[in-house]
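A, B, C, D and E label the chains in the order they appear, each numbered from 1.
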Amino acid sequence: MTEILAAACIAILVVMALALVRAFKSPTVYDRILGVNMFGTKTVLFIAASGFLMGRPDFLDIAIVYALINFIGMVAVLRFFEYTSPIE
Amino acid sequence: MAEFIDLVLLAMLALTALRIIFLKDLFAVVMLFGIYSFLSALIFVNLDAVDVAFTEASVGAGISTVLMLVTLAMTGRKEKQSTHSTILPLFVVLVTGAALIYGTLDMPPFGHPDNPVHQHVAPRYIEESPKEVGLPNMVTSVLASYRGFDTLGETVVVFSAVIGVLSLLGVRRTKKKDLESGLETHKVLHVVSKIIIPLVILFALYVQFHGDFGPGGGFQAGVIAAAAFILYALVLGLPKAFAVVGPKFLQWMAAAGVLLYASVGLYSMYKGGNFLDYNTLAADPIAGQHYGIIIIELGVGITVFAVMLNIFYAFGSQAERSNIQ
Amino acid sequence: MLEQHLTALPIILPLIAAPIALILGRSVLSWGFATLASGLAFLFSWQLLSAALSEGVISYAVGGWAPPWGIELRVDAANAFVLLAVTAISTLVLVYSKDSIEKEVKAANHSLFYTAHLLCLAGLSGILITGDAFNLFVFLEISSLATYTLVSLASDRRCLTAAFRYLVMGTIGATFILIGVGLLYMKTGTLNMMDLAVRIDAYDSSRTINTGLAFIMVGVSIKLALFPLHMWLPPAYTHAPSAVTAFLASTATKVAVYVMIRFIFTVFGIDHVFVDMGMGLILMALAVVAIFKCSYMATVQSNVKTVLAYSSVAQIGYMILGLSLVSVTGLMASMIHIFNHALMKGALFMAVGAVFYRVGSVDIKAFAGLGRKMPLTMAAFTIAGLSIIGVPLTAGFVSKWYLVTAALEQGNWTVAALVLIGSLFAIVYIGRILEAAYFQKLPESRSSENIKEISWLMLVPMWVLVIANIYFGVDTSLTTEAANSASEWLFQTNNILENNMVEGNSQEVSS
Amino acid sequence: MDFLDIVSSILLLAGVFFGFSGAVGLFRFPDFFTRVHAASVTDSIAAILIIGGLLLQTSFDLNTAKLVFILLFLLVTSPTASHALAKSARHGGLLTLAETSPQDKQESAK
Amino acid sequence: MSFILDYYNYWVVVFLMMAGFYIVISANNLVKKIVGLNIFQTSVFMLYISMGKVTGGTAPIVVEGVTQYSNPLPHVLILTAIVVGVATTAVGLSLIVRIKRAYGTVEENEFENKDDAI
């Protein structure tokens, strides 16, 4: 089972890396936000999976915080665009 | 496995930092900073510092990023071309970095259990604190009891931050005519936020009172509760948030939290112990530690909640003001 | 009960008073309350100094946890002496600030001002009293955050950029200290200063410890505005409200000098810093350059607050020069100068603030003819200015005297001569202002303005400091006794710790 | 490996697969609205599958409750965020591929 | 090879610190300076947390059957330091907002020209 969890963790890391690349370089601002958002949700999954991998799954609280902060960040970004034009 | 994950995360961090140096779009810089915070919190989880990760995720990626975004809304998104020379900063950084690398050469190896750090002082926390303080979470024991004075200082730091922000920005009550702020057009967001906010506050209470047994505590709970209200203010607009908790009330709350903390210390002095000596709070030292820690964590939570929300109010009301003009 | 907690009270008192001052809200109420709290802190630190002089060292375990595990407050002659100066100046400045602030700070911010002042005082007392390296960082940040706030409260927009620059530099400095403390912790496993001192010696030649020392030194140098890192200081002092400048100029940098002394003499040990690392020469060179470069800068400024700010950087040079001589007398000269300079600069900036209160400008031109219009203020300025120059019978003379003595003790004629030449610059920049005040006529255009002497509430604290300047210039027993025992104490602990190290090593070998 | 472990592994791997395909979609789809579609749909399914897989690893205690909470939270917030983002992009004046090059579309329809 | 394994963590952390430090002292835009300051501080936090790690240890919350815990003290210190960091950030950002209102710009070289020296 550990191997499967480890494989899953590594795969999620790869997805995170791809999202990170999108956040680094993207055709439009919205793509960047999309990349950041995807990075956030994948991080939540990563924490959950790695908690089981490391044998201390009682730290899921952190994953909840991540999910929450990710959402608030998105709302803040949307609010930000009410003030400034998103087109670069 | 932990080492491998550590390495991958460090590599991502390094790339993010490099990218931030060269980006000129400040919005992207702030987004990447949020990612940087998230990543470093992941590293903290991976290095067993769960309480720290908790705080870093909620503070660094949450509060700091939101505040930076609000500031950007007022100051503009583009960094202009610098006229400074880059040679001198580069030189300073290289010298400092070289000094640090030189310093690493005699460092105890990473993660080795025989390192001085793990041999002196810390063993007592690990071995004795469950007996002396009676809490399974050693970080909370050390934070609230052994180094309770530091934590009092930390609460006061937060308090001084709100003094600074209020004196610089002030919180102005918005007028009737700009009640139409908030993300009015996003109906789905309204509904979802209204469902989520009570859950988040519930979660904050859980973090506040479960901090003795798992990751969390007053500071994290305060930030999460503040985040719930920030979400409310973001979606429904500041005036509606003011109607729920007003800025003046928050100011008193912030002061009250610090006083609550300090009063535990004063009471223990009155009882004949030293400042913040919780053993004297009850007949049984362990019970005394329990009471002391619960009260001071509550004080920290109250102050941090009030301060974070009030800082957001101050920034938000400035942004709305500059938006109207 | 108070006896037992004397060590903790100077920190706790302003710390608790700050939120109460905010809750009080009304300007007059929070002013009275803040002054009361600061005055009480002064009384306690007075008792603390006498206790420290008689008992040697007083240790207080916060939370009842014994030192390396809990946080220790540790008072000896050295920090009790500086603490006395800090609390005294704070109380006087608070009395002074009631009127001064009304002119320079928005009414809505008055209670915030007093709160921030109390926080700053609590932070400074914390830095002085704590015996724990990380706790020092926490209090350093409390005082710094309060300071940034205080500086930015002025009405001139330039105070904002000054405060921002101060914030960036200050945070870099604090982060450097954090790195340094981290490196020490990594090698020793402890944060308590005495414990660090004992355990560092076992790692004397370690590269990690040396890097930690370097980072702490650079970080503290930023905080105390040692010469090449002083760029934040002149703008911050120039544009802050006058009461704030009077408070900061006479306390904040002094406390940072104390931190440097504490780290060099107690934590790292003289041999390590001066013999192995050769820091003595670097510090001495920087101090001499600071004295000359910044004294010269002071002579060419037109804003009187800037003149005094550059003069402060130069005076810090004297303090560093004293400790870089590595002798009991040299360190004693530094300690005396920390105390005396607080008295001088406090009085000078209060006088300048009084001029701003009446005239609305602190440009050197604005001083023209003030000798007649504001005789008491300008008399105070003159006496404090003479003290900066180092005229006999003033406090400034005493500190320069000991500094020169310390240099001559080591046969270091060059340093002694440089100190005296540096004083010549002080004659020039103080002389320019006095010349304007007494020998120039009030311009016609301003003769109609109603410029008169300021209220007694501002005059009394100013004159208390001026009289202290004369008193400590004539009767030097208190300052020299305290500074001497402080300096001897520092050398003594250093020696004890080094002997301990030798014994400890032999024990380790034998076991 | 007992039965639950096998099911759990299958769920995990399937979840990872969907997550990965979403990330690829982020790069390969032609315009923003299709990319948002790829990202948000796979986000939800990946969350369901991965957390479902992890749920089978718990012994029905507090952790189970927390996992369910995370899952519900993600299921509510993630699509909301994507929806709000797409809406905001639409209001901000971003066009779909079809709108930017109508000729191409007609030609390809023929 | 073991040398690299022993220290790679610290080296990357030093690199991160220096990247943050570089942004602080070279950036012209004040917001970016604050971002740099945050990166600098966050990296210092990582230095502390790295030294608290014990290989094979686990988070310092007592569970049955575990004897090897990581060092809780650096965690406590960094909790405090994070709070200090966000406090500084808040004050710095509010200064930036005021500077923007007073000068109309947040580029260092632009408002430097708008005032006389000092």
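The working rule: contacts are C-beta pairs under 8 Å (C-beta built on N, C-alpha and C of every residue); 3 or more make two chains touch, one makes a residue touch a chain.
For reference, the UniProt names are C = Monovalent cation/H+ antiporter subunit D family protein; D = Monovalent cation/H(+) antiporter subunit G; E = Cation:proton antiporter subunit C.
Everything numeric here is computed off the predicted structure, so don't read it as measured data.
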Name, by label, each chain that touches both members of the pair subunit B and subunit D.
A
Select the chain at the greatest separation from subunit D, using centres from the mean of Cα atoms.
C
Which of the chain pairs holds the record for C-beta pairs in contact?
B-E
Would you kindly tell me how far, in whole Å, the mean C-alpha position of subunit C lies from that of subunit B?
31
Gap in Å, rounded to a whole number, between the CA centres of subunit E and subunit B
13
Gap in Å, rounded to a whole number, between the CA centres of subunit E and subunit C:
28
Using the touch rule from the top of the page, what residues of subunit D touch 2 or more other chains?
69, 73, 77, 80, 84, 88
Shared-interface residues of subunit A (touching two or more other chains) are 33, 54, 58-59, 61, 64, 68, 71, 75, 78
Residues of subunit E that touch two or more other chains sit at 17, 21, 25, 30, 51, 58-59, 61, 63, 73-74, 77, 80, 84, 87-88, 91, 95-96, 98
Chains grouped in pairs wherever the two touch, ordered by label
A-B, A-D, A-E, B-C, B-D, B-E, C-E
Residues of subunit D touching subunit B in the complex
69, 73, 76-77, 80, 83-84, 87-88, 91
In the complex of these two chains, what residues of subunit E are touching subunit A?
58-59, 61, 63
Residues of subunit D that touch subunit A when the two form their complex:
1, 5, 8-9, 12-13, 15-16, 19-20, 22-24, 26-27, 32, 35-36, 39, 43, 46-47, 50-51, 53-54, 57-58, 62-63, 66-67, 69-70, 73-74, 77-78, 80-82, 84-85, 88-89, 92-94
Where on subunit C does subunit E make contact in their complex?
134, 137-138, 141, 145, 148-149, 152, 157-158, 160-161, 163-164, 167-168, 171-172, 174-175, 178-179, 182, 185-186, 191, 234-235, 238, 301, 303, 306
Under the stated contact criterion, what part of subunit B meets subunit E in this complex?
2-3, 6-7, 10-11, 13-14, 17-18, 20-21, 26, 29-30, 33, 36-37, 40, 43-44, 47-52, 55-56, 59-60, 63-64, 67-68, 71-72, 74-76, 79-84, 86, 89-90, 92-94, 96-97, 100-101, 104-105, 107-113, 115, 117-118, 121-122, 125-126, 130, 136-139, 141-143, 147, 150-151, 153-154, 157-158, 160-162, 164-165, 168-169, 213-215, 219, 304, 311, 314-315, 318, 322
